[in-house]
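Step one of this worksheet: look at the structure below.
The letters A, B, C, D, E and F name the chains in turn, as written, and every chain counts its residues from 1.
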């Protein structure tokens, strides 16, 4: 099996390849509940930029190391010593502070967006604490699974701010609109568990425990990896492009995408394999 | 506790403050199933414009007086004697009637939009009949609870018209798209109850009876009122701004919003309180 | 009862009128699981263009002939001998092939869009195989019912392509966003059944078997047909116009639509009938 | 001739009717170069809301009293004592100041938008100083004329802020995009005169002096007032609705507008008059 | 030279091929100033649908037969006997008339849109009267030339209606926004000539007389026809797709278009020819 | 004067600071007419990313070294040996080539977008050849000046492709829409000079020769640099955000931007200086 590596190797994330064409990104700071400190942000972008273009990768699973958490979110202690904490303790002009904060937010948003932009399907596998940033991150993934013991929370109002690195833009997109429940959990910062996540469509399904979930995730990723990567990556791109645009816009975009992509040899291989009842093999992408 | 008042006081709505920072707007025309007659529209706008900017208000609950109805909708008898009824019984030019009707609709839409524009979170508490205008109104709220006995209906096709003061624009937004069920209840005007409302995400949850629901609503509103109003109101604003726009648009808008708002003292208070395990107190907004 | 006819009569579809103002379009190629071969596309557009403007039609049901399938989707054997198959077996310039493919896709999209554009409500009644094109087609309908034995599949990645005649644009719209489940079934091409369809809101409800479903469909269509066609068709138009646009855009569009439509005699008939507890009769539209 | 009045009469604006169906709004604070102080804002909205629905008005001209200025813009001295000045001289939380400022800006924007929303065509007649707010205001009008001596300026950067009540949103719309010249005058706050205004399409044409311009404005407004008000007001509405939307969106909106408006008796009157070479008379609107 | 034919041949339009790969569409009803009567609409769509996909066509010029007019617009006498005239002389329900009118307008819009959708560049060559429909039609073309004697007019308000088959959606797009001049000519229906057309960017340039203009048009079309049709048609498509969308949207669309189109052999032919100082020959498209 | 440096220093661009707060970026490959070879792209992005956040920079001018050219565009010889040239000379699957090309185009677009995203105003100073990429690059700047001898060309169709790194998205935005002239120069690739650039609004004005233009550019940049950077950078951001969005969207965005930015000390400094007739000094940003 091809090893999947990131160069230079990240310090806070383990990267492995548990199955052919499948990459596993593990958030690896278990002693801090996988909370995100400042150096982890650029690492995360770095990882997804490389995986996005790595032809040995066709699907990606993301999970958190240890038994306790997918991620408890932003490392608030670190944040309070950095950008968030410093904003009022000096005499700088509010507009100049604002300009700096805006750059900072846009940069952090871009990290999460690098996950959303990843050309390959991404599957978030969540257990234990999945708070704050966990929602930003997993809402930027395509598919979400969770364990029975998962504890979700759109935590940001509890630290005095509106979630600004993606949750408010992507959460309503992935759970089906600005429903009463979506507003409630965003406005109250109350935690919610597996049952609510399932009922409200945040996850595809609930798995008993972490070990099983990882196996389920690898199985799902591997299954996707057997399909035509041209078809899979095109499907992801077009689905995401559709959001917030009209149906007419997306139909035109789809036709424009597929005028190039239907020339793929995958179409013929897939159709031929279908007729011959064989499993097709597709070139890398 | 601070009293919350509206000046001049409305005639068809009771305004009270059942808990700190919580306003209760009660539709008060129980002998007519709380149906909306002409004078009630400007009153409703007037109320929400004032509550929106009232620093003693952090969350608002809306309910209907009496045992029978949240609201049975438009007072059809009054409407048939007014604008709707008169449209064909004279010889005026159809285009001139159309121009007048358009102004009229835009004005009524603006009343419902004043609820949607309200800067503070709004919670609709619905029991009994919640027909027609009840859907326009509650779809413009952030959170919806209902009792077991609630009877919902997108009633407009039954009086020969397409719902035009908000339901068709906001109902798909708050229940998760143009689902088969959404189309069915809008095209047939058939009533639906608590179970369907819950299954299709129209409400956060179902409560046994009106008294309990009011208590639940006050509790939820009070809970929201303990949170940073900067964070809560920002969350509401950004979530609503996202709809019908692309993710990229909303991320930029979010960063622009938060470049000013992250300078809030609430962030430091909230973080400090979190570390100290205390409940933070926030300045009014 | 008025007969509803299409001229010239289609060869692969049966057209009938099982109830007053109700049209029944039956896909009639049961020996091929109602798979769509090339001549069926223009017929389908032809049918819906005529039904859309036929004043004897107020609601339309669509089903598949035979016991086995609503439709198994594109006739892949035919496709592989035609446009899809030929794209790589000659020496033509890839950009010129692309231009031809784009015209072809836009034309096929337009067929499915003719169903979505149909002014009258459409109800898809699905049993057995409902694969590939079945999702494009039924997502373009307003209401969907299915039997317990239905087998759905967004099949396209299995033939090496991203679904391009409507599914990727309309499926997220009708099931409530880019949910984890929606992405999963689109990216994996795994089949799903009645239970998942119901849980994820793809259908209004599940019916025991095909015969009952047809009866249920006729009943629902007939019920819609008793309502004001001005109200029903306006409701459909405005709901569809809302998607991918902002609430403000849609409110203005709604007011502009209704400034003409509120002058309908249906409003007065409906209100009068309501007061008199009679069933109103409406003029054709 | 019908007198056109506003109730209650504004204090800082003269309202007259110099010709049939024509209203003249004159900014009347000539000793302060018609600069806008706080009480003038609500008056302006009040005026345009009433003129918009006044059936005796078919076109509106707007000019400034005195020889020196259309308007020199915001009364900076007043502003520096009010909202703008106070923002930093107290210890309030920056986020709470921001929330207040946002309400304030939205309210001022709404005043200018009331001019843009006015259903009747509006013609700005500008001479002398036309600085800052003059650009916000005249960009919200439909037609602009100016005298040879006019001095325009997008003045805001000179008082330390980005123009926020309309110029940055409407100026590129009315002069043809984000041209090099548009960016230059907005980023530098350098004044520009009649010749540049003409060359860059900000005005329809240049007139020798104020007296002639007023006559020209009345003549143009009167000419518009002879036309079908249904046609004129529809044209204005549809043109404005088109901006920032796609061509396809606007075509649909146009058809929806005209389905009601083509039933106007004006169409028959106009066509008949055309054939008979007579001047048609139209009902009020 | 390849003859370019339309099947069946149109009755009111002459089709010829004055130069290689150039089609000439001549509106041919000179005795009626080339006014459009009912049968001409479907013919026009028919012509442009065929030219759009005809590989022998790379550029199209459109002109009017005779010395007097490009086209005087809608044949008002015919219109007054048809759809427009009949709208008020019967007792039908206004909403049902509206529904019919809407279908009618959408159909007429689609004819003009068929010119805008044409994949090949289109050049309108205008002389004499170019009134009403002439503006709808030429605004749907890519390039416009006119003679010194041309008389333009957005004529619709003179017949009591807002222009509804394209002018209000496309005219601001092709002349640079909702300028003062654009609003003036649309709201007043006053005629304008060559000089204003040139100054306001409606035409590329003014030519002395019709004969010269036709030669100029053929020359320009022939020049375009020597270029890579992949490049030319892609440029047209992308430019049109950009309008009313954000820059970011269009960049993504452009990349998606070109991922297929850059594989064209035209790129290599063109680059090689450039190096060899030869004129490249491109395959048909 | 503060030196402005880029780290690591670029090889193909000279960076200097000809006046306080002004940066000068000079394309420095004069022996190749400043044509862009592969290593120049990342350098350009690198430069503008740093200048965007450099508090010593308030305005940027961009010019080309030598007497002959601003830039002749893409280095076609290099391109033909790289990505563009290789696309057809191997046997790879067209869809996989397409995916690679798309990444490549998106990356090149991002370079040009880094100029557009630069927070500081940018002024393109163009002389001699300004072909192809010169239009992409200068359309991404805010202000454009040119010399009498400038030769512009949207050159791409001449090398067989639709311009794809920005011209087709930004050129219509900066010259006032999809005018006849814009379409003509994009579809024909014919060169155009100073006079046409001026008439069609592509440049603010024409300067006699390169030396004078550089002086003029420095003067304009210096003038902008004296203004409040909070006001200037906010103006740029809001103007750009407005394009392709509705007026209502942009008004809301503007209010949201300014709620933070009006708290700037610049407002008080600027107003005070205005009253005192002094030149204000502003803090860095």
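By definition in this document, contacts are C-beta pairs under 8 Å (C-beta built on N, C-alpha and C of every residue); 3 or more make two chains touch, one makes a residue touch a chain.
The chain list, named the UniProt way, goes like this: A, B, C, D, E, F = Enoyl-CoA hydratase.
In this text, all values refer to a predicted model and were calculated from it rather than measured experimentally.
K.L.:
Interface check for copies chain C (Enoyl-CoA hydratase) and chain E (Enoyl-CoA hydratase). Shared numbers divided by all numbers used: above half gives same, below half gives different; which is it?
P.N.:
Same; most numbers are used by both chain C (Enoyl-CoA hydratase) and chain E (Enoyl-CoA hydratase).
K.L.:
Among B-F, D-F or E-F, which chain pair copies the contacts of A-E, with over half of them the same by residue number?
P.N.:
From the options B-F, D-F or E-F, the copy of A-E is B-F.
K.L.:
Just curious, how far off is chain D (Enoyl-CoA hydratase) from chain A (Enoyl-CoA hydratase) if you go by their C-alpha centres, in Å?
P.N.:
Between these chains, centre-to-centre, one finds 48 Å.
K.L.:
How far is the middle of chain B (Enoyl-CoA hydratase) from the middle of chain C (Enoyl-CoA hydratase), if each middle is the mean of its Cα atoms, in Å?
P.N.:
One centre to the other, that is 33 Å.
K.L.:
For chain E (Enoyl-CoA hydratase), what residues touch not just one other chain but two or more?
P.N.:
Residues 88, 94, 98-99, 172-173, 175-177, 201, 230, 243-246, 249, 252, 256-257, 259-266 of chain E (Enoyl-CoA hydratase) each touch two or more of the other chains.
K.L.:
Chain B (Enoyl-CoA hydratase) touches which residues of chain C (Enoyl-CoA hydratase) in the complex?
P.N.:
Counting only chain C (Enoyl-CoA hydratase), the residues touching chain B (Enoyl-CoA hydratase) are 121, 142-145, 172-177, 201-204, 220, 223-224, 227-228, 230-232, 234-240, 242-247, 249-252, 254-271, 274-275, 280, 282.
K.L.:
Spell out the part of chain D (Enoyl-CoA hydratase) that touches chain F (Enoyl-CoA hydratase) in their complex, as residue ranges.
P.N.:
Per the touch definition, chain D (Enoyl-CoA hydratase) meets chain F (Enoyl-CoA hydratase) at residues 76-77, 79-80, 84-85, 87-88, 94, 97-99, 101-102, 105-106, 109, 113, 116, 156-164, 166, 168-170, 172-173, 175-184, 186-190, 200-201, 243-245.
K.L.:
Considering the complex alone, what residue numbers of chain F (Enoyl-CoA hydratase) touch chain A (Enoyl-CoA hydratase)?
P.N.:
53, 93-96, 98-99, 103, 119, 230, 233, 260-266, 283, 285
K.L.:
List the residues on chain B (Enoyl-CoA hydratase) that touch chain F (Enoyl-CoA hydratase) in their complex, please.
P.N.:
Listed in rising order, the residues are 241, 245, 249, 252-253, 256-257, 259-261, 263.
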